[in-house]
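Note that the chains are named A, B, C and D in the order they appear, and that numbering of residues resets to 1 at the start of each chain.
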Amino acid sequence: MTIFNADSFGETLLRRFAGGTSRRGMLARIGAALVAAPVFPVLPVSRAEAKPDRSPESKTMFARNAQTTDDTKCNYWRYCAIDGTLCTCSGGGIHSCPPGAEASPVSWVGTCVNPDDGKAYLIAYRDCCGKAQANRCNCDGTDRETQIYTQQLNNDIIWCFGVKNTEYHCSTAVLVGAA
Amino acid sequence: MTIFNADSFGETLLRRFAGGTSRRGMLARIGAALVAAPVFPVLPVSRAEAKPDRSPESKTMFARNAQTTDDTKCNYWRYCAIDGTLCTCSGGGIHSCPPGAEASPVSWVGTCVNPDDGKAYLIAYRDCCGKAQANRCNCDGTDRETQIYTQQLNNDIIWCFGVKNTEYHCSTAVLVGAA
Amino acid sequence: MNSAASSPLSGASRSFARSLARAAAFGLAMIVAAPAMAGPASVEPEESMLTTLPSPKPSWVFLQRGVALPGTTVFDTSTGKYVAQIETPILGDLAIDPAGKHYYVAETVWTRRLHGTRQNFISVYDAHTLTLEGDIDIPGRILVGNRERDFVVSDDGKTAYVYDFSPISSINVIDLVKRKFVKNVELPGCADLIPNQGVGVVSLCSDGSLASVNLTGDKADITRTDPFFNATGDPVFDDVQFDRTKAEAVMLSYSGLVYTAKLGAKPVVSAPFSIQEAAGLRKGETRPLDLNWYPTGHQPSALHRASGHLYVLMHAGEFWSHKDNATEIWDLDLAARKVVKRIAVDGGPNVINVTQEPEPKLVVLSDGDGGNTGYALPGTAQVIDPATWTVKFNLRDSGSGLIQVMQ
Amino acid sequence: MNSAASSPLSGASRSFARSLARAAAFGLAMIVAAPAMAGPASVEPEESMLTTLPSPKPSWVFLQRGVALPGTTVFDTSTGKYVAQIETPILGDLAIDPAGKHYYVAETVWTRRLHGTRQNFISVYDAHTLTLEGDIDIPGRILVGNRERDFVVSDDGKTAYVYDFSPISSINVIDLVKRKFVKNVELPGCADLIPNQGVGVVSLCSDGSLASVNLTGDKADITRTDPFFNATGDPVFDDVQFDRTKAEAVMLSYSGLVYTAKLGAKPVVSAPFSIQEAAGLRKGETRPLDLNWYPTGHQPSALHRASGHLYVLMHAGEFWSHKDNATEIWDLDLAARKVVKRIAVDGGPNVINVTQEPEPKLVVLSDGDGGNTGYALPGTAQVIDPATWTVKFNLRDSGSGLIQVMQ
């Protein structure tokens, strides 16, 4: 049975950040809060199973209808698993918080297909925190979105950690890399 | 020039509570928080001018269209100067707070005409406090409603004083007496 | 409310009285509540009264007003009437004392609204007066809306469990008798708390297992079942249904698999069956493009304990559309593994619950209601009688999120 | 926003880093912001950035989101674009530093939301980053919505005045340079604060006078003008318009009388004139039954200082309907005492303001907007060019209450 297969989520990050580094070394680096790293629940990710499926059959309804030109619309390609108010409508940008809001260094993630190249990318939905909800352009993408026992893939949680105040203002969709 | 003429508001209360009592004595009784009393700004009310005008010409649009049967509707006669959520729609009554809410002992007032007898009555709009706004049946009557420098006749102020928490929940319309 | 009792308003405090005298001395006119001392008047002045409530009834339904307005409204599904408002904040969690004597609200506030110090606590309200009896401070709690399994009370009403994610995953254990926080127990890789009487709690885990957390000893002991579901490929909804009397949990996956588990020191999970197959259709897939009927919503199912019927919000669509609005309610007889009724439902609900009366009533609502404002304001809940499948009442301005009932 | 500058996100705190390491050790997967250390990837990973603002512009408008949702939205009336959100709570008051360096928010919170300790303070925000620089505690403040004259800043930006009603009527004086509460001054029978540079404040009183509160000495000295209006029979609206450069206040009564006052140590009030007569109609009555055009709204008028034009929300009706929705805007030339234009307005606004640009823009809104929900949610504000009387922009989801501009 597959334990963790959110596309290549794990594989990518292992590739990008772990490389020859040991798991222990990786944790040490997380400890310094300098790098991103996934540490999987209970069992390490199976690389074989984590391979992204890029066949047309893998494309969700969202992916089939996504666009790449307007990041203030819910069907912008990166928003495949977002939930909340778009920072792009609220004085921020696709990877910028509005003035006075603080970006959570920790986020949930999605794997979204860019219709321009047909490739899957890992998106970090970083919440901007510490201000009352902007409530401008509310979107809810649910591609591969799970429940709260798999937190990093759940978009209902207020992802405001390591910030001064966890009030939720809006969400960004930061491109982390190819999936 | 008339300094205070909100119908017989002043006159009534002077008649009911002051009687032969001195102004000083009246204040002492307010100090004991046992009685209601108006103490007028700067100048004492002129009794002659404070006489209620019961001619049809004195009837506002609200009074001409008021009813006496359904206290969950905005045109119920006592609501001529109310502003807010009706407690009658929110688990309370015309002079009862909903469970968990605390009635402010201080209130703003209105002078409303009861269409059944054509007489004017003094109504104390006592806010129920300490719970989030009920937001059920919102009404805004403006008969003789003034601005905040004449607080006792203004219905925008949160009239929650002497209660544990001043969060506004809903408003009652307590009959004080004939005007 | 007919059932409400009344008692006279207690007098103002002395310090307030002093402040009032001072205000009066400075020329402020006002009316003070004062029926007792009223002089002669043509009309008897009224007293301000307080209203009280009976114990929570099985016919009552508790509807969160959503993420824009705080508060949980209570309606009686027998009469369609509004009962009262319970003071739940936005993202607060309500738990009802099984004995009906208290309402518990788990909440998080900053001392200065959007700054200051974060505080996490359980507010204890008297069920009859809705007055606050006190707070129980706890170290933390998850901030997420529309979940019933982040704050649960044991069947005997003595212990509360609050899920925390900080982002360390853990459980806070609270003694409701002593009104004291007891301990925090780490719960790696799991969430969603189901009370497991005499043991502790059972929890869903991201490896596809159930964890049984034994909290009877000094040290928490966590054991897991074998993985039985795919947490990323076909997750079971957080919204686990639980039958206290049978100690049985019912879980539903995105694709429509129905699992039941017998709780206890070592939970036992049954082999799943497909709700679509139980309706005579083909099994749900776990890939997009294939159209089928799927369970949906934040609160997609409701178990009527006595009859063993599971009512499920369903919609026609593709996989990964598990938050869509429902167009049908399916009535699943769990013992018979058969969908006995499929009923079209208006208003696109995505939350459902059922009262635990012998003749139950379903309550459904579209989480995120409030017209076209997009603000998730209280909308109109429908009370449906599953005996006749007719809408008995429309509860206006009722809720926009989680629906709860007396267990 | 074109005008916004960006700066890289600062790193997470060390204590959070520790907690993260602990979380990781317990099997939690997450993504941490980490652009700098990123290894080779086909796409360059993005950094999280912060956005900053220019100083407040005369073309900006500040719209309170109302009594259901906290926050004040800022829009640019030159572009119709959303700029940012300032953190005003429900019933909070915003004041803009005349120098444009800070936003000040007077607010009231309980330490535990609906219980605990009441706190009243002024939050100081940097105008460029909108970060909170600190709080200034004050003893109290009135709780009322939609008023601009409960929290004002002196023309030199050094002193703030907060009106308190507890129910004793008073003024709290705050030193904005030292960021300290200075003193509380009792203000019997008066409210609504107008900064009176070099003296203190001027205030409207219930005997129909203006009080001048001299705060330069150790003891506050209050002098009053002769009564000039009828506070109960024909009140002037709280929403006094004030021209800082001329030290002149403009007041408008329910019946349509326009008063101007020259401020100073001893304010001088001019004889009023009727806005209806200025429009060639008969004077407004102060009794019901007589139909006429009357000023209306929570913020019924807006003064364009440079041109001396007062824009007034008007409606046809009877006296005591001063909160009705407006159907016209009247353009009153104060010096000429003439209504030079009457324009029909859609949407029934009851708040109005005007930017202080050489070519001003009017902004109107229906306080209590938000569709048919009755919740006073942010609605659509109209930006009107009074040169052409055309709607330049519709600002959606903008406000539902007070409208403010740079003075």
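What we mean here is this: a contact is a pair of C-beta atoms (placed from the backbone, for glycine too) under 8 Å apart; a residue touches a chain by one contact, two chains touch by 3 or more.
In this text, all values refer to a predicted model and were calculated from it rather than measured experimentally.
**Q** Considering only chains that satisfy the touch condition with chain B, which of them also satisfy it with chain C?
**A** The common neighbours are D.
**Q** Would you mind telling me which chain pair, A-D or B-D, is linked by more contacting C-beta pairs?
**A** Most C-beta pairs in contact, of the two: A-D.
**Q** What is the distance, in whole Å, between the centres of chain A and chain B, each centre taken as the mean of its C-alpha atoms?
**A** That gives a centre separation of 56 Å.
**Q** Counting only Cα atoms for the centres, state how far chain A is from chain D in Å.
**A** 39
**Q** Calculate how many whole Å lie between the centre of chain A and the centre of chain C, each centre taken as the average of the chain's C-alpha atoms.
**A** 28
**Q** Residues of chain A that touch two or more other chains: which are they?
**A** In chain A, the residues touching two or more other chains are 41-42, 106, 131-133, 135, 151, 161.
**Q** Using the touch rule from the top of the page, what residues of chain D touch 2 or more other chains?
**A** Those would be 19-20, 27-28, 30, 68-69, 87, 114-115, 132, 166-167, 169, 188-189, 375.
**Q** I'd like to see which chains touch which, written out pair by pair.
**A** The list of touching pairs comes to A-C, A-D, B-C, B-D, C-D.
**Q** For the complex, which residues does chain C have touching chain D?
**A** So the residues of chain C touching chain D come out as 19-20, 22-23, 26-28, 30, 68-69, 87, 89, 107, 109, 111-116, 119, 121, 123, 132, 135, 166-169, 186, 188-189, 370-373, 375, 377.
**Q** Which part of chain D faces chain B closely enough to touch in the complex?
**A** The contact residues of chain D facing chain B are 67-68, 91, 108, 110, 114-115, 118, 142-147, 165-167, 169, 188-192, 203-208, 227, 230-233, 235-238, 287-289, 298, 317-323, 374-375.
**Q** Please output the residues of chain D touching chain A within their complex, sorted ascending.
**A** Touch residues, chain D against chain A: 1, 4, 6, 9, 11-14, 16-21, 24-25, 27-34, 36-43, 45-53, 69-71, 82-87, 125, 128-132, 378, 397.
**Q** Inside the complex, what are the residues of chain A that reach chain D?
**A** Against chain D, the touching part of chain A is residues 10, 13, 15-17, 19, 27-42, 89-100, 103, 105-109, 121, 124, 126, 131-136, 151-152, 161-162, 169, 172, 174-178.
**Q** Spell out the part of chain A that touches chain C in their complex, as residue ranges.
**A** Spelled out, the residues of chain A in touch with chain C are 1-6, 41-43, 57-62, 106, 130-133, 135, 138, 140, 142-151, 153-154, 156-158, 160-161, 164-167.
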